[in-house]
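For reference, the structure discussed in these notes is given below.
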Amino acid sequence: MTDPSRSLLAMRTTAPLIQNITNYVAMNIAANVMLAGGASPAMVHAKEEASEFAGLAQGLTVNIGTLDAEWAECMVLAARAAQDHGTPWVLDPVAVGATGMRRALGQRLLALKPTVIRGNASEILALAGADTRGRGADAADGVEAAEQAAHALATQTGGVVAVTGAIDFVTDGTRTARVANGDPIMTRVTALGCALTGVVGAFITSGPIFDSTVAALAYYGLAGEVAAKTTQGPGSFQPAFLDALYAMTGPDLDEGARISTT
Amino acid sequence: MTDPSRSLLAMRTTAPLIQNITNYVAMNIAANVMLAGGASPAMVHAKEEASEFAGLAQGLTVNIGTLDAEWAECMVLAARAAQDHGTPWVLDPVAVGATGMRRALGQRLLALKPTVIRGNASEILALAGADTRGRGADAADGVEAAEQAAHALATQTGGVVAVTGAIDFVTDGTRTARVANGDPIMTRVTALGCALTGVVGAFITSGPIFDSTVAALAYYGLAGEVAAKTTQGPGSFQPAFLDALYAMTGPDLDEGARISTT
Amino acid sequence: MTDPSRSLLAMRTTAPLIQNITNYVAMNIAANVMLAGGASPAMVHAKEEASEFAGLAQGLTVNIGTLDAEWAECMVLAARAAQDHGTPWVLDPVAVGATGMRRALGQRLLALKPTVIRGNASEILALAGADTRGRGADAADGVEAAEQAAHALATQTGGVVAVTGAIDFVTDGTRTARVANGDPIMTRVTALGCALTGVVGAFITSGPIFDSTVAALAYYGLAGEVAAKTTQGPGSFQPAFLDALYAMTGPDLDEGARISTT
């Protein structure tokens, strides 16, 4: 496994243009997180231009957080365009188990073989058709409970699946890695999981998918640790987190990353 | 009237899942405010899933801030589902007097008997059919000018009406309370009224409606006072405000709440 | 050319109600920037109410950042209503060169003669039909490269065109000005260009268009300089920037503005 700094620096060098179809709650913070990290985010979701834009962008992320029928169609169109162009794309199946509409859309997007799926344990379980206690966007299951589901999804799509939580779990169906970076205060800030999806989308444009995904998680979690050290709650955490994403150097990342592979 | 800390702690213990149909400006800050306070917000607005989700959630808030025809229908559907499930729901009639579309929607939602209505004086006046000088989302009338309108609305719906401003006024048609917490800088941060609606929605899921509404206003205003004390403007206020919502203990709230009942 | 403080104080005195049709990423920060500055923003975009609201508002801004077919129609309706009412309006042609949908909408809006066009160099070039290297919302061209295009657009619309970048360029087809205020960190915070469009929209409601536009750019850039001096990255910059917009006095602005006219 390559050093995570290699992925970070490769991403910063290319400053990839990433098209994000994400939810209204996440749009601003996701764009700010990606800009702080060094990527170039574009929030483009119209049916009329999603396919065309997918030809321009180096990567695509699709997040089903705030949904309606029109947006659902656009997500499918954009994912199909990404598949056609060979553009890597990330699926973030927010609250996919909560309603019939979400379950159906989750399966349609799964069939388009996302390069990476990034979700919490409840979402990964629901996407794989397993039982889950998840309700909304928050996880009600531990990461370990979703490892088998993650393996199954990775095998089904030929891609990478990342289950994020206290200790993240990543697999491509063969290899697995765990990333222990992060801080509990991150669960008290909305859309940080969604914004992480954008960072994963940026990292995987410039290196091997599995390694880049793991590096993105370590980078993100480590920035969270740095920010939590100097702040008193979820409000002051946010600006400090963006500053930490911006300031982190390659050596910082390699030194602070807590990655274990099996 | 019970101590406000009782409402705060009851809410934090249950961490209620609250469905919010709110405006684009407010979504992120409302979710962050609710997470900082201890609730579990979900922003779900699609016609296809709003009713289904209303069966999962402990509470619903409907805010008409950014509107189109589709969203208006969804708000009505979700409010009706809440009524059918006996789920408490809060109406935030943003700028309801500004256009014919808003006036019509306001009346449709009013007919679905919101558990709580939370608005500024101009909005409460407009919703009650009285004259108002309000233009956009900002109040042009003093809270006192809307007391009679609030009484009338509470009597009409059988619910609670909260008029927020320099000194908030709350009534259920019989009892009244005034809450003097807050800081003027809060009017220079967008969507803080909308985010308060989310907090009211969370509080009323775990206690008597009138008392919980009053407690939510005191909690929110007091956190604003705490944040204003250590900051220099509307920018630094925001993170400090979220930190204060997060850090406030029951004793802090009981000591700082400035509630008077009549 | 009048002192920029005159424009700032005139705007603060009237606290103009500005209708903004802007993108999802920008809505919150644009509203907060405008509130911090002293304007009264309203985010109103429904087809059903956009025209009616244009009769209430003192100004309108139209930003094509996040687009779909419905929103495109609404932008045209609102711009037409502004034109009919003689209300000044600002066009922000975000990523106008990226897709066919954007190019077509840009031309329709241009035909409605925006009072001010505010964009980065790539956007101004694309709107004028010139070659550009721009991809998404970020500029890939220098400001100088767009000066001729800006002149052509100003002549075509009879309005003012502002090309913002390291050194902003403003022209009404006859006069030109350059504004050297600002800080590079501003390019690492999303939607600051969009939020500036709102500030321009507020300034031009209360003074001569050319002078007010230049004053808005100087005010905005100078607040960025102030904020950058005391912060460590794009996260802490944001709150400090809002504080600086809020705290800036007329004398601060006149002293710090770096405006040159030709």
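A, B and C are the chain letters, set down in written order, and residue numbers restart from 1 in every chain.
As a working rule, a residue touches a chain if its C-beta (ideal position, glycine included) is under 8 Å from a C-beta of that chain, and two chains touch if they have at least 3 such contacts.
Heads up on the chains, UniProt names are A, B, C = Hydroxyethylthiazole kinase.
Remember, it's a predicted structure, so these values are computed and weren't measured experimentally.
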Interface residue identity across copies chain B, chain C - same or different by half: different
Fitted rotation between chain A and its twin chain B in degrees, CA, nearest 5: 120
Between chain B and chain C, centroid-to-centroid distance (C-alpha), Å: 32
Shared interface positions of chain B, touching two or more other chains: 24, 28, 238-239
Interface residues, chain A side, partner chain C - complex: 17, 24, 27-28, 31-32, 35-36, 40-49, 52-53, 56-57, 70, 238-247
Residue ranges of chain B in contact with chain C within the complex: 23-26, 28-29, 65-69, 95, 98-102, 135-138, 187-191, 231-239
